[in-house]
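Next up: some structures, all given as structure tokens.
Across the two complexes that follow, chain A remains constant while its partner is chain B and subsequently chain C.
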Partner chain A sequence: MGRASGMRSGKHRVWGLHLGVLGGLGVLQFVLPPYHLGVVTRILLFSTYALAYNLLLGYTGLLSLGHALYFAAGMYGAGLPVYYLGLEAPQAFPVGVLGSAVMAALVGIPALRTTGLRFSIVTLLFGQTGYLLTLYFNRITWADQGLSLPLQVPPVLRYHLALLLFGVSLLGSLWIVRSPFGRVLVGLREHEERTHLLGYDPFLYRWVAHVLSGALCGAAGAAYALLFAYVGNAFASVLYSVYPLLWVLVGGAGTALGPLLGVALVTYAVEVASGLTHAYLVVVGAALICLIRVFPQGILGSLRKRGGRWLP
Partner chain B sequence: MPSPGLLALALLDGTTSGLLLALTVVGFSFSFGILRIVNVAHGEFFMLGAVLAWAVVTATGSFPLALVLAPAAVMALAVAVDRLVLRPLRYAAQPTVVATLGVLYVLQQLTLLLYGPEARGVAAPFGATVEFPWFGYSGYKLAVAGLSAALLAGLGVLLRRTDLGLMMRATRQDPEMAVALGVPVERVYTTAFALGAGMAAVAGVLVVPVQQAHYLMGLDVLLLSFVVVILGGLGSLGGTVAASLLVGWMDSLVSLFFTPTLARVFTILVVALVLVVRRGGPWAERAE
Partner chain C sequence: MRPLLEAVKVRRTFGGLVAVDDVDFRVDAAEIRALIGPNGAGKTTLANLLTGRLRPTSGRVYFEGQEITFLPAHRRVQLGIACTLQIPAVLRGLSVFENVLLAVQRAELRGPLGFLRPQGETLVVRVCEVLEAVGLLDTWEEPAGALPYGHQRLVELAMALALRPRLLVLDEPTQGLSPEEIARWTGLIRRVAQKTTVLLIEHNLPVVLDLAHRVTVMDRGRILFEGTPREVEEEPAVQRAYLGAGG
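This part shows the complex of A and B:
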């Protein structure tokens, strides 16, 4: 009985914490100066991207190095129709999401026949292929110059939409990982053979997780393209496949709020350091080394280990 | 269809770049197979070798001196990275990815601060051309191929015939058992890491006369390192050499038929498919 009520209060705490964080983010818009409003908007979109990545790395145990492919697929999927066909932003958004979901579904079929490090390399290669293709078709994509979309979103609306996307993704992914489906994913992460013996097909579950993750990445990419009215292939480069890994590992893999924390920390580390010196990445690099020495499992992962077991 | 002369030239050039690639990535393979870490900063050792070579040659005018000093400095740096970053993290897989990414940024950006954003090269120490029936080929490039092959062979002898090599192979197979049998595993880790970094630095020095030194050149190496290591097998010297040669040949042969970008796409997709089809292997279960 004590345990059941403990679990219930844990559940209250969990939902309370997340709604509190979202509420706090909602209040931020009244406090922040315009410049930082833009930064936090970006943080929210990249946090959505990181959440999608965490679904695969943190809960399914698959370390992908090619997720920029899906972010970029969402970006181009939404941006190109707007630029060339004159589609409106609300219709372009689902096109981007669908594009990246299809991409993730197709890439997942060969790539998920591997696991572990091979999966990382295969996804790295697919991601790199996507990047090279944006170069190859540069008459359409204008490669690294990028395309400016004929859209104008006021900053406050932009913030609201980004927060909406992040909020839905956060609660949605929390719901997914707590559902029976999410439990199977964690089971696969912890012990593939045992989960398989219980009758769950590892490939099928991983594939669905991969498609969900890809679609959510695409949503983040499409939102980025439409809200900031820009499409560029820098977002398809290997750097943008490494960023989510970095964000999630810094914040804590397999924690619900880790992605947000990781993105916020890394973004503001870059902001602060770039004010100090133009070779600001030196500072960021040194900060990363120190941080990971103090919190080897990411900040929230290490905190959870040190006593906050209820943290999701 | 390209002429036989062109094909032979492509094969020869592929061999040279393949051997150089093997020398560059063998350290990445060592850290993967022996230390069990993904050293994202490995390409920076290669880059530092090249940049330091430029510095030494500009200061003293002696290329052989650069060939000794630059790798020595990089090996000392690798020992420091091992002591200050990797060992405190106890070589855990995921934290070391973040930490070596930090090392990558620090090394790359310090180079940018001190050396600048320009690409700079040095003259080859000798400029003779060796005449083949269909074409002439740079004597320096042949020397590079020869020296790379000799160093790789030396590494092979070290692994097969010496106590240190035995300890390295034992650690690669089963670190716990190696500790139990009295192998100083931590010292083996440091040695393997520094040795690999030194090899990459040598490759960096050798490449400067052909392809200039630039502070971002380590990043290109990183992608190829992954490909080669996974194709060739973790910590396997023979596998690394074979996979590097394969990549070198594929790259130079495919570029005969397609534009460079499309050639890369083709190479990458073929490698990805090989990885998917050739499942299992000794390292599948060791991942993560």
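This part shows the complex of A and C:
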């Protein structure tokens, strides 16, 4: 059937584009000076975080303000066993992922009884609770000053591992959102009642998306702790719940590559502006406002609207 | 014969208002049943109690002998009750194709694993089948929200049909349509009814008299009369409550 083959070629284009981006990132390590290699490593980890956030905001239509909880859960879940139990990094990583997945599963049960603005507020409260808990258990977490882990990862290996995590997450989330399951999430975003009346349980699908998102956040947090050998509760603060929102909105909510683009732009905007002035956040803020005026749906979201409808 | 759907003394109140007042209602398999009545008679509320969008204050609902009174709407869909809404509900930002695909995969895929595999050709073929049946195949690529009102109703019908329902509940499907569109709908419903039981909530009396095997007339939360279209036309109580009052 002509239609089916038309959709096939779109499919090749999509996978080609994403594999191309990953390939480009792979080449980047040979060109970048050491300092920027470190910056891009961070960008890749935060992009993984943003991908996880985008799964919820962009595809399921849920705006969480507490996702730092899951990033930090992954971070502490992987970091504390290394520090106290002497676990090796490869074993600590799944502990962090599992920790944040369990956290997301539990928080999701009460939080997903709400949607819209209420969901944002409930998640904000859970996020803040998590932040305060890191302080409450200060004797264990050393939250106020941060924990250095006894790990040493060479920068190039660090880059490789971050790229591996990002690559797997990008292709994995692309696969999820293009699967029948992902289509239900988009259905819930577009029209909850219609999707419900097509036989899908809104709570169940949102909950699964929430757990997947939480686990992926945790993976990013755990990787950050293990690769940079540092655990600190700044990553549990509300700032790190707002960052993913900012990244995803800049790059384009509900686009597959938007999170990467958003993180890269915001990170380098901060880099450049902080070299110019101490009031760099003002400059960054002004730049972001201009950007959103030109691209109201994020950069990739607006590009898709202007002619690239095949963009996932 | 066991009815396909049976409501026993269902009642639904909103604050002090009794929208559906201890109604007994049954629909037999393979019929086209119309539910008519003046505005505020409780038709849509009764339909919502059957599809699960609302829970009754008291009373019970059975589908094929199984009690479904407290089943959520999505479980009822899986049992075979599909519906279209008074105000057409489509996923406006998605293409017509994707709208119908979301419904098709519900009926055709089984188990959590089925939902993680990418779509197969069978789903695409089935979407095309359904779109062909309602005459929307040519607009498959367009965003559903950009279609004219009448076509959005057809998209909704296509989604409902894709679920392969045993019972199809249509809430005022011809509201806001042109005479040509209404004629097209009448033909469509007749064709659909060869395989599916249809419960039709309708204001347009000629459509009802033309299509329905039996007609139920509601007024002020109660069932006033039930009979063939001919009996309904001749019943004085119906004329007073509905036709005379100018519905």
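In this section, the second predicted complex is superposed on the first by the 307 of 312 C-alpha atoms of A that agree within 3 Å, B and C clash if a C-alpha of one lies under 4 Å from a C-alpha of the other, contacts with A are read in each partner's own complex, and residues count from 1 in each chain.
Just so it is clear, a residue touches a chain if its C-beta (ideal position, glycine included) is under 8 Å from a C-beta of that chain, and two chains touch if they have at least 3 such contacts.
Every value quoted in this text rests on a predicted model; they were computed, and no experiment measured them.
*Asks:* Could you tell me whether chain B and chain C fit or clash when both sit on chain A in the superposition?
*Replies:* Overlaying the two complexes on chain A (C-alpha atoms) leaves chain C and chain B fitting together cleanly.
*Asks:* Return first, second, both or neither, reflecting whether A:Arg178 touches chain B, chain C, both chains, or no partner chain.
*Replies:* A:Arg178 contacts chain C only, not chain B.
*Asks:* Between chain B (first) and chain C (second), which, if any, makes contact with A:Val242: first, second, both or neither?
*Replies:* It touches chain B, and chain C stays clear.
*Asks:* As a test of reading the superposition: which chain, chain B or chain C, is in touch with more residues of chain A?
*Replies:* After superposition, B is the partner touching more of chain A.
*Asks:* Can you pull out the angle centred on chain A between the C-alpha centres of chain B and chain C, to the nearest 10°?
*Replies:* The C-alpha centres give an angle of about 80 degrees at chain A.
*Asks:* Where does A:Ile289 make contact in the superposed view: on chain B (first), on chain C (second), on both, or on neither?
*Replies:* first
*Asks:* Can A:Val186 be said to touch chain B (first), chain C (second), both, or neither?
*Replies:* second
*Asks:* After superposition on the shared chain, which partner residues are touched by A:His196: those of chain B (first), chain C (second), both, or neither?
*Replies:* So A:His196 only meets chain C here.
*Asks:* Tell me which partner A:Tyr49 touches in the superposition: chain B (first), chain C (second), both or neither.
*Replies:* Neither: A:Tyr49 stays clear of chain B and chain C.
*Asks:* Examine A:Phe93 and indicate which partner it touches, taking first as chain B and second as chain C; both and neither are also allowed.
*Replies:* Touch status of A:Phe93: no partner.
*Asks:* Pick out the closest CA atoms of chain B and chain C after fitting on chain A and give their distance in Å.
*Replies:* The answer is 15 Å, the least C-alpha separation in the overlay.
*Asks:* Where on chain A do the contacts with chain B and the contacts with chain C coincide?
*Replies:* Shared contact residues on chain A: none.
*Asks:* Please give the residue numbers of chain B that touch chain A in the complex, ascending.
*Replies:* Of all residues in chain B, those touching chain A are 38, 40, 85, 88-89, 92, 94-95, 97-99, 101-106, 108-110, 112-113, 223, 226-227, 230, 261-262, 264-265, 268-269, 271-273, 275-276, 279, 283-288.
*Asks:* Mind pulling up the chain A residues that touch chain C in the complex?
*Replies:* Residues of chain A touching chain C: 1, 3-4, 7, 175-176, 178-181, 183-184, 186-187, 190-191, 193-202.
*Asks:* Spell out the residues on chain C that touch chain A in their complex, using ranges where they run on.
*Replies:* 51, 53, 72-74, 77-78, 82-83, 85, 89-94, 97-98, 101-103, 105-106, 109, 114-119, 121, 124-125, 128, 140, 159, 163
*Asks:* Provide the residue numbers of chain A that touch chain B in the complex, in ascending order.
*Replies:* Contact set of chain A toward chain B: 61, 63, 110-111, 113-118, 120-122, 124-126, 128-129, 132-133, 135-136, 238, 242, 245-246, 249-250, 253, 279-282, 284-289, 291-293, 296-297.
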